[in-house]
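Listed next: structures, encoded as structure tokens.
Each of the next two complexes has subunit A plus one more chain, namely subunit B in the first and subunit C in the second.
Take a look at the complex of A and B:
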């Protein structure tokens, strides 16, 4: 889903992310070529195993390497804790509010 | 695995079920055919019997009339009257029987026979009873009518006989088909059984092969893991170590967890714990590589942040296996604990005057991105403090991380206040009393000796003689024998 111009590409995942959903997660974690920024909406994710976390980390790092600003929306405390362990906050902007994330990305695109 | 075991079984069961149903239906069909054929034959035999009655009655009539015509004795007419009285009822019984069997041709023929009989009655029998004997016209006319009547009745009998033969042929054909069907069913059952046996046999071979391969991999991975896990820790008066490793219950999940406690200098000890994403031999090999890199890096420069950064750069260059780890250094003379984390769950610190708490975490896993920055956290702890490093299996046994953390902190609180020699095992037992271990778990505890226990603190050793590092391309340490304090 693309919002705005240049577009913010939004990826939304929810529930428990685990090895059984690896293919689904991989398919979801694709960015269209015209995207200007990536919003990874994980607001409804409650758990992720190490395989799923690895996929998320690789995706975020890859997007950043491609020069795309990345923002994550994380709301559930359990998942926030896992993301904290994974060190995502040290490299990516994390919001608990989608609107704030969109605003941040829009600001990145204006710059 | 499960569908492969069940598919041939289900196939065979369905086939057998179909065969049983077919045999039951076939049996019923055979029964019906035999019964119908028997009833048909009985019915035809009955009809032929009725036709014979009609002929007999006509014969009685004729006999009576012939006798009377010859000698004009009234008594000789008795057979005629008997035949005459029962003829209509016999005819109507035969007609009903033919109607039931749908013998249209035979019915038409019977109509003709009755018509002929009536004509014989009118033109031969009635005049014969009133005229003198020897009327040749009547005799001739009578013979002609009777011949026609008999031809009719023979035709009816022939038609019935043909019908009986046809019924028998139908029954024979049906029985033949049922025989073929039953033979085919037996052949199919035999084929299905053979096929099933072959499938089961080959499946058994394949499963056995897979099991042997799995066991071999597990054995190799177990051996590697066993070889890598440190059993002997630095012997220091000021600090004691304990560790435990629990392999996952599941065969396939031999993992890449490791820990190290290695003396770097008189007062400094390197602490490391890590977890390679994935399982099996590859994970064990990646684990060994990461461990070597980390130790090598610690020997170069024992700053946790720089240790991780060097290992990370190397791993990213190599193959990009993701590894979570904590690198830490304790100073046994100052109780300082410096550490950096890479995607790993937080260390637990217990201090005698408070409760166990989770320390801060930082950077992303090793092997992910070359430029990842890590941060060294420095903590001043106290005598009697305990640090617990562990891998995620210890707190992620349920999916509620907060509950897992709370349980771990409670276990550390309970264990740290007891003077157990093997604190790691005690923590493990508190958390995994009766639980299945889904993922590998490694636990490393570091306990600073209590200040009250005499001589606990390391003496004032000149630490510089043990410093390991490279300065201007030269090793500053006095000699290799001083690097290692592994008993």
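Take a look at the complex of A and C:
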């Protein structure tokens, strides 16, 4: 889903992001070439594991390489702690509020 | 009636069984009235250990059916919680830290104690302090 112009491409994942959904997660983490920025809306994720985290990291590293800003919305305490435990807090731009994430991406696109 | 103080389940070491096993552990911990953050941390660590079994324990024999994984959780007399994840696969391909990705790092961050035994399969023994 695209928001605005230049587009902020939104990828929304929900439920439990775990090993049983590895392929689905990988397939979902794709962006169109005209995307200006990516919002990963994970606000409805109820659980995540390191398999999901690895896929998210892979996606964010690729996006960074392509010059695409990425923001994650994470609200679930388990998910937020998982990122901390894995030592990846600085690897992602994380917000617990969708509006703040969109504002951050819009600001990135204005620069 | 007091809740059971031990959970033991065995399932095929396949990805689709990890979530149900984790849910069973969550229910067990809820019955023991542990607080939410503790329950989540324990199930997170157990989920990582089980995912590790699925991804690596039987990787050397992919043409043969995968083996099993066993999850054991027990409330100890000192109030701590012991959780074991056991498989009878090979540990040889899993010795390098890179193979373990973030899973082991997460387990170490959560569990008070971690012991990995590699004789006749692998036993990941985690002890948690509520």
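We take it that the second predicted complex is superposed on the first by the 109 of 111 C-alpha atoms of A that agree within 3 Å, B and C clash if a C-alpha of one lies under 4 Å from a C-alpha of the other, contacts with A are read in each partner's own complex, and residues count from 1 in each chain.
We take it that a residue touches a chain if its C-beta (ideal position, glycine included) is under 8 Å from a C-beta of that chain, and two chains touch if they have at least 3 such contacts.
From a predicted model like this one, the values you see are computed outputs, not experimental measurements.
Enquirer: Considering only the touch criterion stated at the top, classify A:19 as touching first (subunit B), second (subunit C), both, or neither.
Expert: In the superposition, A:19 touches subunit C alone.
Enquirer: I'd like to know which partner A:70 touches here: subunit B for first, subunit C for second, both or neither.
Expert: Touch partners of A:70: none, neither subunit B nor subunit C.
Enquirer: Which partner chains sit in contact with A:90 here, subunit B, subunit C, both or neither? Use first/second/both/neither.
Expert: first
Enquirer: Output check: A:29 vs subunit B and subunit C. Expected answer is one of first, second, both, neither. What do you get?
Expert: neither
Enquirer: I'd like to know which partner A:37 touches here: subunit B for first, subunit C for second, both or neither.
Expert: neither
Enquirer: Just checking: does A:78 make contact with subunit B only, subunit C only, both, or neither of them? Give me first, second, both or neither.
Expert: both
Enquirer: Give one of first, second, both or neither to describe whether A:61 is in contact with subunit B, with subunit C, with both, or with none.
Expert: The answer is first: A:61 touches subunit B but not subunit C.
Enquirer: Could you look at A:52 and tell me whether it touches subunit B, subunit C, both or neither (first, second, both, neither)?
Expert: Once the two structures are laid over each other on A, A:52 reaches no partner at all.
Enquirer: Once the two structures are fitted together, what part of subunit A is touched by subunit B and by subunit C alike?
Expert: Correct list for subunit A: 16, 47, 49-51, 54, 77-78, 81-82, 84-88.
Enquirer: How about subunit A: which of its residues touch subunit B in the complex?
Expert: 16, 46-47, 49-51, 54, 57-58, 61, 64-65, 77-78, 81-82, 84-88, 90-91
Enquirer: Over in the complex, which subunit C residues touch subunit A? Could you list them?
Expert: It is residues 15-16, 18-19, 22, 37, 40-41, 43-44, 47-48, 51, 54-55, 101-103, 105-106, 109-110 of subunit C that touch subunit A.
Enquirer: Can you name the residues of subunit B that touch subunit A in the complex?
Expert: Its residues touching subunit A are 275, 277, 322, 324, 341-346, 361-365, 368-369, 372-373, 375, 392, 396, 399-402, 405.
Enquirer: For a test of understanding, state which residues of subunit A touch subunit C in their complex under the given definition.
Expert: 16, 18-20, 22, 47, 49-51, 53-54, 77-78, 81-82, 84-88
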